[in-house]
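Several structures are given next for inspection.
In the two assemblies presented below, chain A is common to both, partnered first by chain B and then by chain C.
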Partner chain A sequence: MRAPAVGIQHVTRPLTRFRKRPDAAIVLGTILVFLVFGAVDPESWFQFFTMINITRYAAILGLLAIGQTIVILSREIDLSVGSVYGIVAIAFIASEPTLGVPLSLLAALMLAAAIGLLNALLVLRGGISSMIATLGALFFYRGIIYVTTGGTVMRFSQGARAHWLTQAFGGQWLRLDNAFLWFMLIAVLASLVLYHSRFGNHLLAVGGDETTALARGVTVVRTKTIAFVACSLLAGLSGIVTIAQNPQTHVTLGMQLELESIAAAVIGGTQLGGGRGTVLGSVLGTFFLTAVRSEMITLGAPPSWYTAFVGIALLLGATINTVMARRSGA
Partner chain B sequence: MRGITLRFAAIVVLLLLVTGGNSYAAAYKYRFVMVSHIGSNDPNMKWLTLSMAEFEKRYPDVKTEYVSTNEYSLQKFVELLRQAIATKPNGIAVPIVSSDALAPVLKGAIAQGIPVVAFNIPDPRPQGKRIPYLTYVGGDEYLAGLRLGQHALELAKAGKIPNPQRVLCAIHDAAHQGLKLRCKGMADAMKTINAQVDNLFITADPARARSIMQSYLTKNKSVNYIFAVASWSSPWAYGVAKELGRNPGVGASNGTIVITVDESPVALEGIKQGKVLETHSQGFWLQGYAPMEILYWYNNLGLWPQADFLTGPVIIDSTNVGRWVPFVRNVFGTEYDKQVTW
Partner chain C sequence: METERAPLISLRNVNLWYGTVQALRDVSVDFYQGELVGLVGDNGAGKTSLVNIISGIVAPTSGEVYLDGQRITSFHPKLAIDLGVETTQQSVGLCDNLSIARNYFLGREPVRRIAGIPFIDLGKMRKEGRKAITAFGLRESVDVDGEVALLSGGERQAFKIARAVYFRSRILIMDEPTNNLSVRERERVNDLAVQLKDQSLLVIYITHDIFQIHRIADRFIILENGAKVADVPRNLMSAEDLERIIREGVGNDAGSPRSG
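What follows is the complex of A and B.
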C-alpha cells in the first residue's frame, strides 16, 4: 500500500507547490483564454497579425506592469507611470534634434530615473503616501506635457527613425518586434533579480513585513528607492520603445496606462499588500488583458466593454488570488 | 499671536482681492469667458486663442478669457463651466459637449442674466427644446461627416478612388456627441450605396488606439475606408492599414482610403503626401472670434441672432490644399512643420 502513496505524493507535491504560487490562477487563466479563443475563433486567433498585435501592446504594457510589480512588492504603488511613459517619450523626441539619438535616449532615461527618485523622496522622506505622491506626479507630468508641447508632439525626423539605436528598440528581428524581445529579456532579468539576488530578498522582506526587515538589517529606504527608480525607468523605456516603433504620436500618449499596469500586476497575482507576487504573473496578466481586448473587438464587442471587463477581471483575479493564498497557507 | 497674524494675512488677501477686482472692473466694460473642451492637448486651441486676441485688439473695452479642460471628462468640463459661471462674466461661449449634462448648468446661468453662445458643438435638439442660448457658432458635425462622405462617393464614382465597401469610424472620445454626429453623417452618406459604417472607440492613447484598430481590421477585411475623426489619429490609421498590407493611399489602385477632419498641419500634409484623401475646415478662427462679437453686440445693443451661424464644413482635398497651407502656416508659424508627424 505504501508504494502507491509515494507515487501520489510525487504527483501531488508539484501540484501543491503550484497551487501555492501567487501566479497559479493567471497561469491557468491565460492557458484557458488562449484555448477558448483558439476554439471559438480559430480563423482570426491564429493569424500572424493577431499575435503581432497582442505581443506588441503586451510589450508596452508589460514593461510598465513589471515596474509596477516591483513597487507593489515593496508595499507601495506608483500611479504616475502613465505620465512618466508619456513625458519620457516626448522628451526623447524633443531632445533628439539637439542631442542626437544616443544622447537623447540617455537623457530621457535619466529623466525617468530622476522622476522615480523624486517619487521615492516624496514618499520615503516626505512621509506622503505613495498613492497621493504618485497621483500628484501623474497630474503634474501630464500638465508639463501639455504646457511644453502646446498640444502637439514634434515630429521624429526620418534620420532619427532610421538610426540603429532607434531600430534596436523599434525594429524587428525574425519578424518579431524588438520591443517584444526587450520585454522578454527584461522579464527574465527582473525575475532573476527578484528571486535570486540580495536586492530581491530585501524587496520581498520589506513588502512582507517592514519592521521585521528593518530589524534584520535591511535598508528599507534604499530598497524602496531602487523600486521606485526601477519602476520609472521601465515606464520610460516603454515610452521610448513605443516611439521607436511608431513615431506618429500625440500628447495623450500613455493616458490611463497606469491603471492598466496595476490591473495587469494584480490579475497576475501581485498582492497590493506587498511581499507576494511574481514577474511571470504580471507578464501573463498583461497577455491576458491584451488578448481579451483583441478578441473582444474581433468578436464584435464594442471596445468600451473592455473597460468593464478589466473591472470584473480585476475583482475576480484579486478574489481568486486571495482565496488561493489563504487555502495554500501562503 | 498666531491668530492675530493669520487674521492680518486674511485681511490683506481680502483687500488685495477687492482692490484688484475694482481695478479690473474699471479697466474693462465687459468680460467674456470661453469655456472649451479644446485644451492645450489639442493644436486647434491656437485658432481660438489667436482669434480672441484679435477680438480684444478691436474691442479694447472687453476682456476675453479662455479656459479649457485637457481630460476627456464630461464631469471635469461641467465643473469648469460651473466655476466660470460663478465668476459672473458678461457672457459665456461654450460647446454643448452633452446636452443633458450642460442643460441645467447653462439654464441656471441664463436665468442669472448671463448670455450664452454655443460654439463648436450645438445642442442637437430642435429649437424650443434645446438649451436657450443666443445662437450657435460653428460647424455642423453631422454635415461635416455627410459632406466628406458625399465627396468621397463622387470621387469613387469618377473612378479616382475605390468604391467604399465598409467604413471604420475611429472615435477617440466616447462621450463626445459631436464626434458621433460626424460618424452618423458619414454613415448617412454611405447608406446611399449600402456601405456599412462601424463606430469604433479607439481611446486617445496612440499605442492602445493602434492595437484596437489593428484587432478590428484584422477581423473585418472588407473595410476599405477609415474615417479618423481627429486629425492627429489619421497617421495611426494609415500606419495600421499599411502594416496590415492594405495599401493605404489616394488612388484607384489603393486598398484603403483615409479620411480625416480639421485644417491642421498633419491633415493638410497628409493630403499633400497622398496619404489622406480629404479633410474639412469648420472655420475654427471664426468660432473664436464670432461668439465674442455676438456677446458684445448682445450686451451693447441687444442683438439676438435669429439663426445659427454655420462656419463650415469646407472640404479640403488635393485640388485646394495649396490654398489652405499658406493660411494655416500663417496661424501656426514655425510650429506648422513641427506638427507634421507623418
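What follows is the complex of A and C.
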C-alpha cells in the first residue's frame, strides 16, 4: 500500500495544510457569511453601528466559547458556564455596595475560579463524568440565582458605573467596546498558550490520548483542573463584562449561553472527542453565529428564529467539519 | 553478567492488588545495566503489572522497589521518566492528534524565553524530530509536522525508541513492541533493542513470541499467575523448554484454567 506515503508528501502543500486545519470550514464560512450579508444588505451591513452590535455580543459569547474550547480540547465539557456567567455577574453587582468595585470584582472572579475548581474536583476526584457534574452545577447555580435574587433586578449606582475599573470592562476605546478588546486580547493569549506553551502541549495531549499523556509524565489531573478553572474564569469575566456594560441583572442572565458556547466551539471545528480544535475557530464560530443573529434582527425576523438557526448551523457545521476531517485523513 | 554488580532495579517481595484481584504475588527480581531481559508468561501472568510498577504507573500494594540502591517510595510516570525509565507500549506513547515533533518532546518540551515568557521551542523540536526520522530509518517522506497517525506500526516503535535514546534513558521497557508488525519491521525493532543493550541500557522486553525473544535476550523471567516461577540465563534453557513451561505451567496448578 503506497497510499499513506502520498498523503504525507502532499502535507507540505499549503492548500492541503489549510484543509487539514480543524477550523478550515469556519474560516471559509465566516468569510462567506460576511460577503453574502454585505451583498444582500449593503446599506446597513457595513455600517459601524451594525458592526458594533455584532462585536458587542460576540465578546460576551466569545469569552465563553474560548473557555469552552479549552475544556473540550482536554476531552471534557463544561455545561455550567451559563449559570456561572449569571451568578458571577450577580455576585459582582450584589457585593459592590459593601465591597466597592475593585474588591467585588476580585470576589466575583474568585467565585468563578472556585466553581471551576469544584467542577474539576467532582470530575477528576469524584469520577463523575463532566457532562453530569457540570449539568448538576448548571442547575445548582441557576437555582442559587433564583433564591438569592428572588427575581428582583439589581443595578449599579452611578458611582459604580463611572468607576474606572467598571469602565475598563464596560467602556470604549477608539470607538470599540472594551469588552471586544478584552475578547480579542484573551483570544490571542489563549492561542499562544495552547500552541506555544508547555501547558498547551500537555492539554492537547491529554485531550488526544490521556493514557499516553500520563505515560509521558504529563500531570493529567492538574492540566484538566487548570482547564476547568480557566473556563469558569472566562465565563465569569464574560458576566462581569456584561454587567459593566449594562449594569442590571435578571434571573435569566446567561441562560442557554452554555449551549451557544458549545455550538460556537463545534461550528468552529473543535472536536468533542478532544485534542483537536483552535481558538481561532471558536472565535470565528462566535462571529458567525453573532453576525447571523444581527442580520436576522435587521431583516425583521422574529428573535425566536435565532434559536432554530443555531441548531441548523450546529448540525451543518458539525457535518461539514466531519466530512472535511475525514477527507483530509485527520 | 557478573553477580558482583549491583542491580539497577531491584524488586523485593512485591505484591500488587487490583481490588480483590492479586496481580503480583511476592515477586523479587533484579535487573542489571546492559542486559536484555525477556519477561514472558501467559496472558494475565502479571508481566504488564510488573513493568507498570517500574514505570511508575501503579504503586505496589506491599514490598520494596529499589533503583540504584535507593528505595522508591512514590510512584508516578513523571518520576520514573525523570529517573531514566522509558516505556514503549504498542498502543501507548504517541498522541495521534499531535505532530511528530510535538510527540518527540511531549512532557519534556524545550523552552525558549522571549521577554522572559517561556514559549516551547518548536524550531528545536522540529530539528531533533527530523534527525530521529533519518537516524531511525523512518521513511524519508515522513513530515515532522505531520500527525503521527500517518506512521506505520514499525515506524511508531522505532520513533519511540529514538525518543528513549535521545533523552538518555537508562531503562527501556518494551511491552509487546512487535505486535502487528511486518517481519521486516519486527527484525528492525529487535535490532534496535539489541543495539540499546550494547550501549549499556537495561532493556526489559515483554513478548508472547518465545522463539523471537530467545534469539536476543540474555535472561528470561517467567511469570505465572502473578508469581515469578523461573529466572534463567539463555544458555541454560532452550526456547522449546521455555515455551513448554509457559504453556504447561510449573507448580501445583499446572494445566488448570487461569483467572485474571
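One rule holds for everything that comes next: the second predicted complex is superposed on the first by the 317 of 330 C-alpha atoms of A that agree within 3 Å, B and C clash if a C-alpha of one lies under 4 Å from a C-alpha of the other, contacts with A are read in each partner's own complex, and residues count from 1 in each chain.
Definition applied: a residue touches a chain if its C-beta (ideal position, glycine included) is under 8 Å from a C-beta of that chain, and two chains touch if they have at least 3 such contacts.
Quick caveat: nothing in here was measured; it's all calculated off a predicted structure.
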item: Partner chain in contact with A:127 - chain B first, chain C second, else both or neither; value: neither
item: Contacts of A:216 with chain B and chain C, given as first, second, both or neither; value: second
item: Partner chain in contact with A:152 - chain B first, chain C second, else both or neither; value: first
item: Partner chain in contact with A:197 - chain B first, chain C second, else both or neither; value: second
item: Which superposed partner A:14 touches (first chain B, second chain C, both, neither); value: neither
item: Contacts of A:44 with chain B and chain C, given as first, second, both or neither; value: first
item: Dominant toucher of chain A (residue count), chain B or chain C; value: B
item: List of chain A residues in touch with chain B within their complex; value: 44, 47, 49-50, 53, 56-57, 60, 142-143, 145-147, 149-156, 242, 246-257, 290, 293-295, 297-300, 302-304
item: Interface residues, chain C side, partner chain A - complex; value: 55, 57, 76-78, 80-82, 87, 89, 91-98, 102, 105-109, 111, 118-120, 122, 139, 141-143, 145-147, 149-150, 152
item: Residues of chain B touching chain A in the complex; value: 39-46, 70, 172, 174, 200-208, 210-212, 214-216, 218-219, 232-233, 235-236, 239, 243-244, 335, 337-342
item: Touching residues (chain side chain A, partner chain C) in the complex; value: 4-5, 7-9, 11-12, 192, 196-198, 200-202, 204-205, 207-209, 211-219, 274-276, 329-330
